[in-house]
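There are two complexes below, and they share chain A, which is joined by chain B in the first and by chain C in the second.
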Partner chain A sequence: MDFPSPLSGDLVAALVFPGVLGIFGFLVVAIWLERKLVARVQWRYGPLYVSRPLGGLLQPVADLFKLVFSELVLPRHTNRLLFAATPILLFFAEGLPVVFIAAAPGVVMAPHSYGLAIAVVLVLLVAVLMVAMAWTEADKFTYIGAMREILLTAAYEVPLLLAALAMFLLYGTADPHKVVEVQSGLWGVLLNPLAFVVYLVALLMATTRFPFEIPEAEPEVVLGPYTEYGSTLFIYAFGANYVKLYVLSLLGAVLFLGGWLPAAGVLGVLITLAKMGVFVLPAMLVRAIYPRYRIDQALRIGWGQLLALSAAAVLWSLLAAWIW
Partner chain B sequence: MVAVVLFIALFLAVLVLLVVVGYLFSPRRPSETKERRFEAGGPPYGPVQRRLLMQYFGYVYLVTVVEAAVGLALVAVLTADAGRAALAPLAAALVVAIAAVVAVVWRYFKLLADVRRWG
Partner chain C sequence: MQKTEWPFNLEVGRTFFVQSEEELRGGGRGLTLVVGPQHPGSGHMRLFVVVDGDIIVDVVPDPGFVHRGVEKLAENRPYWTLIPLVEKASIMDSMNITYPLILALEKALGLEPPPRAKYLRVLMAELSRVRTHLYDLALLGVFLGHTTAFMWGFALMDMYAEVFAKIAGARTTIAYPVPGGVRRDVKPDHVEAVKRLLEVTRRKLKDFKTLFLDNPVTKARLEGVGIVDAKKTAELGVVGPFARASGIDYDVRKVHPYDAYGDVDFEVVVEKDGDAWARTLVRWREMYESMSIVEQVLKALPEGDVIDQALLFKNPEYRREGVGGVLGVYTYIYPEPGEYLAVAEATRGATLVHLWATGLQRVHRMRFVTPSWRNLRAMVEAMKGGRLADMPAVYMSFGYFPPEADR
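Let's look at the complex of A and B:
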């Protein structure tokens, strides 16, 4: 289906949403929203100094400018080329899965019958680059942070895959358009609530949000895998997690919340954006609510309850597909 | 396909451009202290109380790389039903990825084998 705009649907997807503009726009809005929400919970105003009439919305933009124009320090003990390249590759790789996810009918860069499955696999592959980045930095804090990241990845990726698999089994397809089409009666969250819960918790672990903010736990390992970075490279290293949140929220909206339904076109894109909030808002709010788990507690949740729940979700889907 | 190429080119261009702009226009006052490894506030002194064992880190990297290759292989198998045409680019990507890993291991094998550099 064609997208009603001067640009074709795939170009809108590449340039605007969920493409380049969407990724950078989300980075700004998510940082602002997180600071505002946490401030509200803690009875503070949050960012207000820059663009007061907009509620400080431009504060993250000012912060990003400040970081871009601060001195770029390349530590002497590192391979400088790799030190500069790995955060860029990490940020880029985190955004790559959007190529296969549709934001509205026709608004997808690469339509594919296994598009959502490929997106899930791409999300899980990025851990390699995180380890490579920490390796390049060659610092004990980055090593420990990367080790925690890998342990956490091993704990959440099986449940995340199983939650996605449960939905693919239920829908009988991994094509984003058909997945949304199947949900025209009932949304995935109602068809398989277990998979939704697993996906939401795995999303928090994957994006290392509280209570799973363990790899970069400030009181323990400075900033974990991002310790040695400053300037623009810090934006990429640290912002990569926000990009992952963006991708997983979009994927979640399509898998569980009926994507762009009940509309299409521009309105469909806006509806998808609004549905992403169901994943983004809790991820922002938990920062103000939960303390941080220890790594062993997080691993026990991942390999214990979450894995059992995700297996149950797959069984649920098999049963539902059999009855349906 | 044009959209994918455009997305990748524009995304990477913006990322690299911001780094180049920062590098060219930010103030630069290099000092020995700034370029040192971060040590949480103070310079290291005396014998270490507990040594962090690093030699297994390479295995973690290896596992994550192998997992990535297996993930891609799975996708290739999944997409095989969609038509042989889809399999060829993925297989090519897999070969390139593995070749890159082999090249890096080949280049740094001696360095990796030197256990004194791991501590």
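Let's look at the complex of A and C:
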């Protein structure tokens, strides 16, 4: 730990990265980046006028302000407490896995020898809250959105678990520090490319990115689970998706790209941040490339090709570990 | 707590198609979704969609939200003001949608456009066909979630709007043809602009194809979805590219060639499958056919006036005042009493205008049948039995345009 006291590693992890500042900063930068990248493909400029010298970087902040000051509507026929509480719970629950993931040596909130495994499980558990949120809204479109969310979760969670399992088997540990240590020779993506591919596709499904943007398909179910929310609650409900992307990118960077290697300390944190881009940028760009699948097609992919690929990834790891 | 749900306390028979939610078929199992008019996937209409699980059991349309009563309004106006009225039905396609009215009025007034005007009409009609197809493809893209197709389609459309503004003076509602000719002549730089436009369109459509049509996800969403076979297509009275996608080889431009369509060489695009993919492909290939027609027209564009001599002689000041001076002539010519029928191939299918003239300058009655209205039945039939996600795909594969249907 080469941070000056009184800044201990876990405090930095909680407050700066990968904690609070990282999550909220990511919200702004990711939304801006997504708009800018997609606009570049689509013969547009994207955000431009708010903070022109920064290339419109503050546009998402302006949008957040706008949303905060718009009227908050709590439908009368819903359970109003749950209606208001679930998006906030969802937002923070999506961020929870960060507690167990290290961004640099020592920069982790709760070091645990099964840290990464716990993080994966937490990511999968949060889907329940999303369904609860859609259910509380008591609307036909959110109901269908919830159903699609459940089905999509069923499609990606086994492959995601198997991809993570493949890496844990290969490394022989789920401790974030040891996982990165093992990768000092070769990164995980080279050790088991199959698992990496499965992880990337499962990440797109888990964060409902295109072509799997099925629960919130606009022409069919308006905005799916988010339909009834406005104002601040919409920020929490919709922001939760970006938090999930943040968490899964961080997890992926540690699991497959060697985390903070080859540096440590502040530079290590920055390297982790840069490696997250490997997962974030494709997740943004697919919006400009793909339409969305139908839910039955997504399920077929999840339970067909993706499951087979993830099973092969586990076998690959077993073989590699055996030969090693 | 009292729960309120549609149809609230609506009286039976207050809406056009659906009386109450309970009257919809599908029994107790289905979930009735009210899609529209304030739904991102409905357009200016309402669909009552009954889903059983993910399968659409029944769809009942409730059109008429943008009904402006064009037919009734037409009875109270002098005939030369009907053109800007009728074109509002389908603003992208204003040239094609006013075509049958112009043809019928010319029969009633006994006017004959000079050859140059005929060619110019075909030029604008085909450009607006490409533009409308681009519009429909762009919307199909965004209904499938492909925002890039949407943006590219609209960006290309805007180039057409610019060229329209050059030639006709307006970007969208051009009201270009008048009985006996066209409103403006094209100048050499307009011809250059059209040529450049076609070149840019061809270049950009290549990228469009790579990213949208050749996209495996697009194909997966459209193939085998919303199949309407040839027999059913004929029974339901589908027109235009959507009938041709089911293997019905009918195009008014070929069967009853009007204006310069007899002189140009083009192929009627026909597909066999009758699914959403076939309907998309037909329109895609029609764009290229239209562009080839435009090129032929530019090559063979005759010299001469753009307004009938009969009108010119009535206004000796024409040479000084230009075409604008001729338009005043309409105030003192009268349609011959009788019934006049004209059909033209608009972008989304055959459009019909039936005029009853009584010798007054106001027509007694104008019947105006638009293609989207005729395609609505088939669209709804094609949705049934599909999945909920197929609803927007089928919707835009029929290029359904509520303002055109409701008129």
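In this text, the second predicted complex is superposed on the first by the 318 of 324 C-alpha atoms of A that agree within 3 Å, B and C clash if a C-alpha of one lies under 4 Å from a C-alpha of the other, contacts with A are read in each partner's own complex, and residues count from 1 in each chain.
Here, a residue touches a chain if its C-beta (ideal position, glycine included) is under 8 Å from a C-beta of that chain, and two chains touch if they have at least 3 such contacts.
Just so you know, these numbers come straight off a predicted model, no measurement behind them.
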For A:R294, is the partner it touches chain B (first), chain C (second), both, or none of the two (neither)?
-> second
After superposition on the shared chain, which partner residues are touched by A:V41: those of chain B (first), chain C (second), both, or neither?
-> second
Figure out whether A:I144 sits in contact with chain B (first) or chain C (second), or with both, or with neither.
-> both
For A:W135, is the partner it touches chain B (first), chain C (second), both, or none of the two (neither)?
-> first
Which superposed partner A:Y171 touches (first chain B, second chain C, both, neither) | neither
May I ask you to decide whether A:A110 touches chain B, chain C, both, or neither, giving the answer as first, second, both or neither?
-> first
Where does A:R76 make contact in the superposed view: on chain B (first), on chain C (second), on both, or on neither?
-> both
Applying the touch criterion given at the start, work out whether A:V222 contacts chain B, chain C, both or neither, answering first, second, both or neither.
-> both
More residues of chain A in touch with chain C or with chain B?
-> B
Is A:E213 touching the first partner chain B, the second partner chain C, both, or neither of them?
-> second
Where on chain A do the contacts from chain B and from chain C line up?
-> 76-77, 140-141, 143-144, 222
Touching residues on chain C, where the partner in the complex is chain A = 1, 3, 31, 33, 39-41, 51, 54, 141-149, 151-152, 155, 211-212, 215, 217-218, 220-221, 387-392, 395
The chain A residues in contact with chain C across the complex are 38, 41-44, 76-77, 140-141, 143-144, 210-211, 213-214, 217-222, 287-297
In their shared complex, chain A is touched by residues of chain B numbered 1-4, 6-7, 10-12, 14-16, 18-19, 21-23, 25-30, 34-38, 40, 52, 54, 57, 60-61, 63-65, 67-68, 71-72, 74-75, 78-79, 82, 86
Residue ranges of chain A touching chain B (in the complex, touch as defined) = 8, 10-11, 13-15, 19-20, 23-24, 67-77, 84, 88, 91-92, 95, 99, 109-110, 112-114, 117-118, 121, 124-125, 127-128, 131-132, 135, 138-141, 143-144, 146-147, 150, 153, 222, 227-228, 231-233, 235-236
